[in-house]
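Structures are listed in the sections that come next.
Paired with chain B in one complex and with chain C in the other, chain A is shared by the two complexes that follow.
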Partner chain A sequence: MNPQMNSSISDVVLPSMEINSQRRRLKSIALWGVSMASLLLVVLIVFDILFSVVSRGVPGLNWSVFTTQTSGIAGGLQNAILGTLMLIVISMVISAPLGILGGIYIALFADSRLAALVRFLSEVLAGVPSIVIGYFGYMVLVLQFKMGFSALAGSLSLAIITLPYIVRTTDASFRQIPSQYFEGAIALGLTPLMALRTVLMRLALPGVLTGLLLALSIALGETAPLIFTAGWSNFNPNLQLVKNPVAYLTYVVWTYLNEPYKAAHQLAYTAALLLVIIVLILHVLVRMLQRSSTKQA
Partner chain B sequence: MTNDTVALDDSVHLTESELLELEAVLTGGIHMQKNAEIAKETVIRVENLSAYFGHKQVLNHLQLEIKDKEITALIGPSGCGKTTFLRTLNRMSHTVPGFRHEGTVNVLGLDVSLVRDVESFRRAVGMLFQRPNPFPMSILDNMTLALRLFGVSKKERIEIAKAKLDEVGLYDDLKDRLNQSPFSLSGGQQQRLCLARALAVQPKVLLLDEPASALDPKSTKLLEDLFVRLAEHMTIVIVTHNLAQAKRIAKRTAFMEAGEIVEYELTDKLFYHPSDPRTRVYVEEQIG
Partner chain C sequence: MRSARIRSRIFKVAAGVSAVSPLFVLLFLAIVLINDAWPAFRFQGFSFYSGITWNMGNMYANNTIIHNGVQGSPGATFGILPFIVGTLASSLIAIIIAVPISLLSAFALVYKVPPSLVKWISPIVELLAGIPSVVYGLWGILVLAPAIANLIGPWLSHLGHFIPYLAGPVGSGFGLLTSGIVLAVMIIPIITATSRDLLMQVPHLPIEGARALGMTSFESVRHVAMPLARRGIIGAVILGWGRALGETMAVLMVSGNAMNYLPANLYSPISTMASTIASLLDSAMTDYTMLSIHALALIAVTLLLISMITNLFARLLVQVGRRDIGTEV
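This part shows the complex of A and B:
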């Protein structure tokens, strides 16, 4: 019979090591406990936020919220919902092509020093506080370019904020594609652009879309830059993009909570609930895309 | 199916008029006569090739002629430059920033550093990589992608795809799964699919970069048999760490060390009667 089959731990481990291992086990239990507690704390906070937003927002959620415009401190949120959609759509129309093309350029075509420089500048831009972007938008777009408080000034400010995120995720999605795919494609006689369009794009697409959705949810939640550039309007947005203030949901949350009226508070809670719901949907979409991309690889 | 294959095989056959035509397309007729004479027998002629990545020299005065319709093996320790050399033959090395070379590399009568239409050149000089790299699209799309981009009609594309899959022995297994993902195939099948994909654009030269190093012995044998058959009508250059493989399939073998070609001989002579002591040491150590 194999002697090792019947041996106990003290036969194979030195006594000093055994004591050590007990101490180690205690340490590991303690560490496990601490990390579990911190995790619970974070989860609790998330649920607390969700609970308070939902419990206070739901009572105000009815059809008229979507069908009527804000009047004074009451009314619905139709103007703010449409305004928010308009702002994020225009900002994405501006930042998505720029960000994706820029990301592709630094990932595949730029020489390494230029790429590093652009990456660094993009990090810096991502780190600039959004209130500073808002102030810049006010000085340059609203005043200097005479756009006034408007959808265009607001969208451009949001585009500046989201651009570095789109550049970064596009860059990362293309750089993580193993070089064998690009080489395999050009070895068949494809031009680099053909390889990009047909083979690489397919591999990078889930990552790029993830970046776009994250950028969308960032744009959705911004308040500071819009206060300086979009203004506020009690009416639905229209196609006049300059010198025409526009409403948005975060303004309602920020301003109406400071009003001394119950109706105003209710509107603010409902606006917050709508924002949370949209962000949740976007993040579920991101997760689904990421899962499909890992399955592909 | 068999008839199709034969017909396509004939079109791969390297005739002198075809060469002239290819060359006329690629260089606009410059040096036409001179190079066609070289290309008749010798498909690849390397003279005094030195190559660098930045300041680091990786190839040192290589001198080599590779004949048509033969398999030529490149062997040597890791980092000796054999893969860089192989990738210089279809300008793949040139895509690496900081790469430059001196001396002339003449492939199919074309000086690689003067080739203007790199894409047509790479169509004529196909390549198979160390790891199977099917594209993330269906098996059929893998086969037809390049042909579609080059403007081949749909009917013709599918015919070529089927013929080439048949040529590598995959068609019968895959004919009902052509629209499925290639990632469910075994490694050996994926590599044969990549080979069929490379053959679909009808190259005259095939460069193989350790094509079987990630495969099991049975898949390796299948691939080797294919290479031998393909070499009846095309030129094949293979980089391999597997000396037995070189012995099995290559007519000639070059032993490289530290960026130099130590010895280039008929395979049997190189393995059994090496003239350079460095070759003898390497061959004996590897075979044990």
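This part shows the complex of A and C:
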């Protein structure tokens, strides 16, 4: 214990110790009551958010949402659902290999100074506000590189946002494996790549997958970096990746709430409901993965 | 075997290149932003941070003005003080609300709630961290703003006789307080989860010792367990603060989007730096002198600097905090 802390305890606590203990006991009970109330408040807020989304979103939920495209202020959400999927898939195709390889490198191969630098920079990148990435995407990808509002510009912006998370979780899950596993495999004559594939990957896999799912749910929920990179389209996305705007679900929630029409509001609520459902599913998957990885350890 | 070695070598190089990709992205980002922002700084100087008027100038005029060697529309002036104040004030309100609630919740989760219940409650709290920010905005519009306009605001404004900034008018419910509360809800899971993890690692012996010396159970948590985890908890708080500083969509939806106007009370409409970039980029593109775009880039640089500093500071404290608990057993 450091001496500074000891002095702080005696300063703070001793005077109050002299008051009769009945009062202190009551105070303790009261403060625990407040603590439980705080926790209850947080849980109630979660349920209120879920309830307000579900109660308003469910009435708009029918097959035509999935089978028709948005037209003006009404219609379905097929274009937004497919667009969101497309943006997430392309962004993961870019950021997952980069992030996983980078995470493996700093966990296993890099010398400690380079590893520390990359970890540090990933933290910095993770802290960049997403609208700043959006601005960057607009100025550089959309205008400078002439991609226009497009799936590629949007996906690249999302990839920048998710990359540091994937690096961090991959790095952490490989570092959890005792170093003897890797050293032993090398001593047995395996190349580092074979050691990775046969020994380490299996142990790190739940952690890496958890990171990918987290990155997925971040990409799913982002709006700010997409407004100025992906644009919006009333039509289903196609395979033309540049100069072809795409729709996505978070845009519907944000924009259609401002429209003065009931049908537009309903569409926004339904889009929010779909987002929350996907987030819930990802959340449960992450929980299951974490449970299976702790069981293994 | 030889080909296996070569493949392994190739893999290592590819991994090395991937590992430095965050570095390249950051460098590219910094160069682009600073390059974009520089003309605006030359045009406006430090009054960029002290002025309260944001005016992109008359974009239809054909006589552009030149100030300090930078071309702009006539009447253009860029002051972002209201956005800075909006950002700081809303995130400060978020911290003031979120910290006690998160800490007390973490206390309850670690020391009071039976483990069988924690198994259910913890994931529920953590779910908050995964909800998209537009859904928070939706909740803010549908539930929180009406509650503040009709219920919380009028009640709080009665206290306005004693406490500055609390007096009305309460307004529409879209403004500083609503933004602050929405941000608070967004950062509660960050602070709660980190504090809970830290407190769980605090060894039992000091707490039991404190109990044996006659401390009540809450005193032992407040004065023994929490100080042990203090630096880590402060780190988590700053991490949450950084999140609140950079949040765009939720704030954009509930802040009321004020311009050229400093908040007069707790219910005033505001804009934050992040929400301003999002709401003005479209119209700034119509400025053919590009000065408005440069000014937005300068906001982005400023925001980036502030959030980078807070984030780094926070990560450092969380790391040191983890070590505190590890060594002080």
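Everything that follows uses one rule, which is that the second predicted complex is superposed on the first by the 266 of 297 C-alpha atoms of A that agree within 3 Å, B and C clash if a C-alpha of one lies under 4 Å from a C-alpha of the other, contacts with A are read in each partner's own complex, and residues count from 1 in each chain.
What we mean here is this: a contact is a pair of C-beta atoms (placed from the backbone, for glycine too) under 8 Å apart; a residue touches a chain by one contact, two chains touch by 3 or more.
Just so you know, these numbers come straight off a predicted model, no measurement behind them.
*Asks:* Chain A superposed: clash or fit between chain B and chain C?
*Replies:* Fit - chain B and chain C, as placed by superposing on chain A, sit side by side.
*Asks:* Of chain B and chain C, which one contacts the greater number of residues in chain A?
*Replies:* The partner with more contacted residues on chain A is C.
*Asks:* Touching A:268 in the superposition: chain B (first), chain C (second), both, neither?
*Replies:* second
*Asks:* For A:71 in the superposed arrangement: first (chain B), second (chain C), both or neither?
*Replies:* Once the two structures are laid over each other on A, A:71 reaches no partner at all.
*Asks:* Would you check which partner chain A:238 touches, where first means chain B only, second means chain C only, and both and neither mean what they say?
*Replies:* neither
*Asks:* So, does A:62 touch the first partner chain B, the second partner chain C, both, or neither?
*Replies:* Touch status of A:62: no partner.
*Asks:* Touch test for A:28: chain B only (first), chain C only (second), both, or neither?
*Replies:* In the superposition, A:28 contacts chain C only.
*Asks:* For A:191, using the defined touch cut-off, is the partner it touches chain B, chain C, both, or neither? Pick first, second, both or neither.
*Replies:* Touch status of A:191: both partners.
*Asks:* If you've got the overlay open, could you tell me the nearest Cα approach between chain B and chain C in whole angstrom?
*Replies:* Across the overlay, chain B reaches chain C at a minimum of 8 Å between C-alpha atoms.
*Asks:* Where on chain A do the contacts with chain B and the contacts with chain C coincide?
*Replies:* 191, 194
*Asks:* Which residues of chain C touch chain A in the complex?
*Replies:* It is residues 4-5, 7-8, 11-12, 14-16, 18-23, 25-26, 28-29, 32-33, 36, 100-101, 104-105, 107-109, 112-113, 121, 123-128, 130-139, 141-143, 185, 188, 192, 214-219, 222-224, 227-228, 242, 245-249, 252-253, 274-275, 277-278, 281, 293, 296-297, 300, 303-304, 307-308, 310-312, 315, 328 of chain C that touch chain A.
*Asks:* Per the contact definition, I'd like the list of chain A residues that touch chain C in the complex.
*Replies:* Touching chain C: residues 1-2, 5, 8-9, 12-13, 16-17, 21, 24-25, 27-29, 31-32, 34-36, 38-39, 41-43, 45-46, 48-49, 52-53, 56, 97-106, 109-110, 114, 117-118, 121-136, 138-140, 160, 163-164, 167, 191-194, 196, 217, 220-224, 227-228, 250, 253-254, 257, 268-269, 272, 275-276, 279-280, 282-283, 287 of chain A.
*Asks:* Quick one: which bits of chain B touch chain A in the complex? Just the residue numbers, please.
*Replies:* 90, 92, 95, 97, 119-123, 126-127, 129, 131, 133, 135-137, 145-146, 149-150, 194, 197-198, 201
*Asks:* Sort out for me which residues of chain A touch chain B in the complex.
*Replies:* Spelled out, the residues of chain A in touch with chain B are 111-112, 178, 180-181, 183-191, 194, 198-199, 202-203, 296.
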